[in-house]
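A, B and C are the chain letters, set down in written order, and residue numbers restart from 1 in every chain.
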């Protein structure tokens, strides 16, 4: 259900770090938002150094943008963003000063997966069961 | 006015499929949201396989993220997402289980095109006419 | 705090134009939203021509997507979008008809930078001071 896009400078994240970070984002999101891990999408967008600026100068941030269904309690979303930021810095070795995490949302009814409108937060079990029948 | 970003694994969508999917997204959005087709932007972001994870493992989803002006009725937005998901699977041959569509929004007054603030939903005709004068 | 993503066709923006546009976006955002310039992230995503469609046909738009913390007055956000669109056209030479700017938002409490939850608009000074101690 969620989509995470991790934007970084080309070559700044070795393959095993991407593997590890995708695993951590998946684990944390499943845990905090109550979604089966198989439904968590993570994409890395690697960008040439010359295309990334911080403060108008070349920079090497790790920018993580997540989309989740609207309606999770704000406290959960804050915990989610904190946990992902901590994991990103720990797994990648990038200092936390250069890691940013943003969670965006829109209504579950504005999203479709596997041909079906997504369930509101809290309705996942029914939605998943209906998909199996 | 809208911007659709289709993220997929490199090589998973041949050129004619991208042409066809861009045409379908354009047609559906124009029809459902009452925007002239010429104002629909569609971008494909092709990502190396090693950069795309589903459930923490390599995956080949087709992730379609759309932005539209806030204020369309929720039912329209749901229909829009369903129709685009159906078209994406039909045109690409990717099983619907691997297709996800998310529509995001923000106020029309937070967006500018052709140098002018976008109109709220329902005000398109006046905006377009003013642009021609 | 904000993240701007500028999507364009590969080769349509020379290096000095990207430098200039990143500088202008940084200056304008800092000025309008009261954020130190060092906290403004700008990323250019260059896409092969064959992957960019406007109205279902190949196009060469400059699409600028910004994320900012929710809670800025709508008038500021409108001014921000207008000023960035004007700067983008001026710096790049791309006609304003082909430039689009969209500002998205989510709560500051849904975002983490430097290991800390972002401050709501207006609380930047305390947040920055606490980070220095």
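Note that a contact is a pair of C-beta atoms (placed from the backbone, for glycine too) under 8 Å apart; a residue touches a chain by one contact, two chains touch by 3 or more.
What you see is a predicted model; the values in this text were computed from it and never measured.
Participant: Does the subunit A and subunit C pair touch with the same residues on each side or with different residues, judged by whether over half of the numbers are shared?
Facilitator: Different; most numbers are used by only one of subunit A and subunit C.
Participant: What is the Cα-based rotation angle between copies subunit B and subunit C, on a 0 to 180° scale and rounded to a multiple of 5?
Facilitator: 120
Participant: Please report how many Å separate the Cα centroid of subunit A from that of subunit C, as a whole number.
Facilitator: Here subunit A and subunit C have centroids separated by 20 Å.
Participant: Counting only residues that touch at least 2 other chains, which ones in subunit B make the list?
Facilitator: 45, 104
Participant: Which positions of subunit C touch subunit B when the two form their complex?
Facilitator: 7, 45, 47, 50-56, 59, 61, 63, 65, 74, 77-78, 81-82, 84-86, 89, 96-97, 99-105
Participant: Taking the complex as given, what residues does subunit A use to touch subunit B?
Facilitator: Interface residues on subunit A, with respect to subunit B: 1, 3, 5, 15, 18, 22-23, 26-27, 36-46, 67, 104, 106-107, 109-115, 117.
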